[in-house]
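Here is the structure we will look at, set down as structure tokens.
The first chain written gets the first letter, and so on, giving A, B, C and D; residue counts start at 1 in each chain.
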């Protein structure tokens, strides 16, 4: 297969390397600073896109005029990109929206969103959970063994993180809102708390990790957090912990985003590759119409 | 609160005992053979239902003319029951359907299905998983430590069973159909297989446990199962393993249903009680209309 | 190799079958009731021992006049046995002591104790731990998930049992006497208690399992055990729980011995086989003198 | 109680803080650079030692002329120290040996070695295991989930590290020499290898961690290690991996020592404190003679 890989971060670099290692033709653009020894970056967007069967765009690709391309020597215009993509190519993009989505629709391009794939979300959740464990180990002056940790939210990340922390000997409390999630917390042998009433749950904790994308630890709730407790917010902006209030209260508080790419870029790249292969395979098998539009 | 408990199995007996221990008024009918020391059975359906705020019916209550009441001295007519329930009572039933559902609708009774509650399903899945572990320990001439076990299906029971078996030192392969489930299998550190292609997966296994309610191990697939392998089908009838074919092939094969009530009746009773309390609480808080009809 | 297998229980039957399956010549005596389809029992002790390179005696072989041979049609005299063993054979016995040990020494027989091998003890401990989990699952009306269990003693069985129970979601307290064991309890993320002060530790427990071969729960200590608590004594006689006092107090109490052979005879047989092979290999390699006498 | 704390690293600082928080009188010397807000350092060794009931020396205290005191503004002479300790004080030292041990013996001082305490060794092993997990997470470009890791040696650290890695979803092989250790590896559900034959075991590994204080991965053995594999040596110098050879072969290799103090100084300080309390308690209870000399 022939892939054009345009923009993206270290995950994209690893992804492109893996595609090449699998024997595919891979043309890159905008990964100059990635330091890859096996990839070569094309001189122009046009060259990179020529004859592409599949065009891979970043995760997230960005909704504005510029492509998300932190490793590129120069900014990449989303308009220019949308113009240059061969009409018969399939575009595999992470969260296509905004400017690019509109232009692609206008041109009738086939665009698929790999970020919407549940299997990628789950794999990213596993990597995020492990990345969070690493941060806690680095930041805490005590071992996780014996530490008392509150994990707020029992979605994918909350589940996988709670299980890992417990396996390392931490005393884990997981909070949730729904009865069914509470039943899962119990079924997995964890201690439970109600996300709507965290005042008691934070008492005596060594660390608190939030996974809920809504303000769950505001200034008032933070007053109950014990001195020396470390706060880690994994929720995307604006996040679920009032970091400013936390610092004013003398609490160490950190927001960590995009952990899969930072903590384990190779695993992240492989997860995207597998997802793309699966999407291509399903598309071939089912001859599905290209209709999964986002934005 | 005033509860009338009509029919049911040992779980219902434990449930009624727990409600009584919590200080509620509890009137029973049809639990004579349950051997409870604290419950007394009323002389008639009418007496048992008089003044009831909540009428608790079995799980499952049964869709025909007779109530599911294996511990009752005499059969209980669903028509008689539907007639005798006070109109202002709330009926909490496990899978209300068929004859009773129709009659109750005709009379305008408020009927809620506690079996449809996700939290109860999850708690039952945990008990089922543990019950399955007990059966495997009892039936296998080897320890689970080191045993090679295939778990077919990665829903609630598949997940919780796979984790327990792995924790006991078994070499667990879990099978699934969906990519997202495969990602969960991987995220939990388990070995995976495709439920659509089990021929390879059964090779060399010490035991195979099915959780999928569809024929996954038919006569042909069973020919690949090694001698001495033990087969356990947890899926409700008609199940997912051709038990007859298995026996003809000389394989030990067992179907185990309703494990929560059999393996841990007290836990099962407590799970139903908590679910009923939650349903009552939600109903009080939200003044929801009574509209969750099944069947 | 040529093995004579004399007396023993189902573990010995499986052991003999496994040796045969490995291609060795195996002559049995005293396993008539074992129901094996692949073994044949010789007509006399003499025939069974003729030309034997290795004579395998039961675990434990018994210290009196009669060999431990519950599956034999007739009693086997230890004196007759000691006389009939070819002088050049190596005797592999489980706990050789008493009458046989004296006679063997007098005859100058080479006798080795496989029960003294640490690797077999550890493997048996793992099987005992799993067998204990099975008993708890069978006996308790609640799931191990959420059950509060005290494990007395943190030797091999205590360690392996505590880890398994915790993995199944039980709330486990392990007791020990030595500081170092307490540190292990902590390092493995378990709750700890002092074996010398169990009064507090038994409070509120769903079940108590003893692994210590000394009276740790006497009549007085038992008065603190809550109603409905299940007691399991894994220590060899006289055990560590006063079972009589327990029953007088209305507590369910069970002593379970020889679990590896009962719960998983194939695993137990394989563990002995591997141990015997290892002993034979070491003996060949090192040309050690035969001097490891017990009794 | 009255403690004099002389020299040491951050663990000693935390230890001294904890002793003070417990209400004891604590005089420090040589912890100036420790940055503690609650401790004050005495102006002279003499002042720090005046009236001391217990003198706490570092872990390890160092066998030469100078005390191990990296946080001290000036070097501390072991001779001066030995002279200044009040004769009735009990000296609690980590690995007392060499110059100090001789002088103390000559003066008839009571010196006890807290490093020789098994409970401290176990607690340190747990912290070391967790520290090793942190290093692996930081250094590997992939997640531990799914990584193939070889742990060489199945002593305390090997056991606790293997269990943690497996709990995080790694595919763990543990190597040992003794049959009994191999049985433990199996009983804990891990994959095993023979430390004497690592050539096969290193194949395909993502990382190799050594815990054995003897050369187990020499230049020749390293040639079998796959490209990209990360090597971590936890064994004290000279260690068990030929780091120089590893680097020449293009392998990333790191030696990590004293992890408890680096990764979790508060946990390390608390572990020492608990050990000292226990030693003091035992000494009071048993009126043991002071005879546990090392060196």
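Some notes on this structure:
Quick note on the criterion: contacts are C-beta pairs under 8 Å (C-beta built on N, C-alpha and C of every residue); 3 or more make two chains touch, one makes a residue touch a chain.
What you see is a predicted model; the values in this text were computed from it and never measured.
Touch-path distance (fewest steps) from chain B to chain C is 1. In terms of residue-numbered contacts, B-C and A-D present the same interface, as over half of their contact pairs agree; the other options in A-D, A-B or B-D do not. Centre-to-centre separation of chain C and chain D, using mean CA positions: 37 Å.
Between chain A and chain C the centroid-to-centroid distance comes to 52 Å (mean Cα coordinates, whole Å).
Residue positions of chain D touching 2 or more other chains: 126, 145-146, 168-169, 186-188. Taken in their complex, chain D has these residues touching chain C: 117-123, 125-126, 160, 163, 178-180, 182-184, 186-188, 278. Chain C meets chain B in the complex at residues 14, 126-127, 130-131, 133-134, 137-138, 140-146, 164, 167-169, 263-267.
Across the complex, chain C is touched by residues 145-146, 166, 168-170, 186-189 of chain A.
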